[in-house]
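Below, each structure is written out as structure tokens.
Common to both upcoming complexes is chain A, partnered first by chain B, then by chain C.
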Partner chain A sequence: MQLPDAIKEKPGRNYETIAWKWMRYSALLLIPLVWGHVLLQDILVGVHRIDLNYVALRWASLGWRIYDVLLLGFAFAHGVNGLRQVALDYIHNPRARRGVEWGLLIFWLLITGIGAAAIIGGVSALPE
Partner chain B sequence: MAHLKTPLQGYLGYRGREGQTAFLLHRISGIGTALFLTIHILDTALVYFYPGLYEEAIGIYRTTLFGIAELFLVFLVIYHGINGLRIAGFDLFVPQRWNIPTARGSFRLTLILTLLLWLPAAAVMLYNLLHHNFGLFGG
Partner chain C sequence: MRLTLKIFRYDPNTSAGPHYDRFQVEADPNDRVLDLLEAVRGDQDDTLSFRRSCAHGVCGSDAMRINGLNALACKVLVKDLNSDTIQIEPLLGLRVEKDLIVDMEPFFAHYRSILPYLINDEPLPEDGKERLQSEAERERFDDTTKCILCAACTTSCPSFWADGQTIGPAAIVNAHRFIFDSRDRGRLKRLKILAGQAGVWRCRTAFNCTEACPRDIHITRAIAEVKQEILKHS
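Moving on, here comes the complex of A and B:
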């Protein structure tokens, strides 16, 4: 199929082309990270066996904490950038677009920070 | 939000077949997963900030309603992953092969692979739900 000239040219390096690549490279990494997490927690262990003791046991291992930090960092950044792309498809007013971008940036930093604090801090009190 | 009505009507009226279905499913599964992920980061963070509430939050996930939602969520996560691999694979390695026949064929393959991975996962999760919430299978 013959492509129109306008889309044959590769755009130069800018924020959006970097974000475009980021979504695809992070996707390749998220397959083992997210599917591994779902396989372990939802299917092999199951929500009925997850409690504070289970989380404490898992996070007693540094390897699982690193896994969870990677999962948090990559999955949530991929997700929030995805939400940004979706929102900007429908919101065209320049001021509103800036608002969305700043809002999502703050949202991303806040939630990532809360999640990271919990993984680093660990289970703060176990039941009696 | 003035711009939302036109695309939403377009999604319903446009007959883009497989390519459009893939796009819509990718978008819906992405938004859904991102929203769940936000809630899930916050509920897990309770183990550090408010451990007494963590068991309450997990209690909600153990209800039948959330058990059924979990089945759908896992379907969406598997679909989003395989369809994402399809997109990344074409975009990064063989962009010249993006055409309507390969897009249609690869989307059908994506759906088949999604179902093949989801069915055994769903069977285990359904077993767990029936076992713990309805006392079946010796529960």
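Moving on, here comes the complex of A and C:
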């Protein structure tokens, strides 16, 4: 009986396995990041009191900038990968799938780039 | 007791499209749904088509949707349905050939894709007889040996409904049966197949498969164990 070359072959690092792990690890980090964000911005400070001065004050601290970069990176990538999973349910043509995956990647890069530029560039408080 | 059977009908050779027919039947509470289908075919409409073989929950040929849930018609008792009308439909996600008969080929293609046979090219034991294993080694995959390939699980899986390329729970269960068999040497090859885009990562742990399984296999657990095994080797 001819047997497949089964013994040494490893599942290895494939894209889908990495994407699955990413969803789990990023979700774990999102729990403290998102709850911290909601608690501070929506409850302690309140959305109506957030203005440019407040953002300038917040981003004067490097710690908050790192926090916001992490939140942007994990939350958005987590969400876009989720969208990719949903899209794969409905789009079955391999070429269309590739197109959607590239489109989502570009969308993610664009929005993350704009967000990162804002966070790194920071803001100056308005003159009184 | 008098019951109404609302049965999905489709015959590609007639112009009538898919529709439901209603049949009145006299039933005993201990009758099985398969008995009612046989009564309809025998006494009322001999064009009604459905699969059946052993009629005792072993062969797995009469899986269908009964009041919306996948089950074997030979294992569901009328009294357990608590309903005067029983709706019987073919399995979802597979092409209907006629009435309650679906094309099982895509299901079996997924099954074949995971190499559902023992792979071991090592020399035979000295006595030339059996490759022995301990009770514990056998116990490791005992649950997944119970699969009868009825397709109740795969056709209850939302990921399979959405995309027929999804390998589905039955194929993963049968891969599990060999992946955790101490005598088998094809584990990594199977894990590689299951780590692909149509494989285990399509499972969203909806648990539909576990509820649908007429053999009470812990399918979602088996899928989780295969996922862990892939993570261990990646």
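The rule we apply is simple: the second predicted complex is superposed on the first by the 111 of 128 C-alpha atoms of A that agree within 3 Å, B and C clash if a C-alpha of one lies under 4 Å from a C-alpha of the other, contacts with A are read in each partner's own complex, and residues count from 1 in each chain.
As a working rule, a residue touches a chain if its C-beta (ideal position, glycine included) is under 8 Å from a C-beta of that chain, and two chains touch if they have at least 3 such contacts.
This is a predicted model, so every value here is computed, not measured.
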>> Contacts for A:28 in the overlay, against chain B (first) and chain C (second): which applies, first, second, both or neither?
In response: first
>> Output check: A:123 vs chain B and chain C. Expected answer is one of first, second, both, neither. What do you get?
In response: first
> Should A:114 be classified as contacting the first partner (chain B), the second (chain C), both, or neither?
Replying inline: first
> Of the two partner chains, chain B (first) and chain C (second), which one does A:90 touch, if any: first, second, both, or neither?
Replying inline: both
> Who touches more of chain A, chain B or chain C?
Replying inline: B
> Can A:13 be said to touch chain B (first), chain C (second), both, or neither?
Replying inline: second
>> Looking at A:55 after the superposition, I want to know if it touches chain B, chain C, both of them or none. Which is it: first, second, both, neither?
In response: first
> Hey, what residues of chain A end up touching chain B and chain C alike?
Replying inline: 89-90, 92
> What does chain B use to touch chain A in their complex?
Replying inline: 1, 3-4, 7, 27, 30-31, 33-34, 37-38, 41-42, 44-49, 51-52, 54-55, 58, 61-62, 66-67, 70, 74, 77-78, 81, 84-85, 87-88, 91-92, 99-100, 121, 124-125, 128, 132
> Across the complex, what residues on chain A touch chain C?
Replying inline: 3-14, 16-17, 19-21, 88-90, 92
> Okay, in this complex, where on chain C does chain A touch?
Replying inline: 115, 119-121, 159, 162-165, 185-189, 191-192, 194-197, 199, 201, 227, 230-231, 233-234
>> Applying the document's contact rule, which stretches of chain A touch chain B when the two form their complex?
In response: 1, 24-25, 27-28, 30-31, 34-35, 38-39, 42-43, 46-48, 50-52, 55-56, 72, 75-76, 79-80, 82-83, 86, 89-92, 111-112, 114-115, 117-118, 121-127
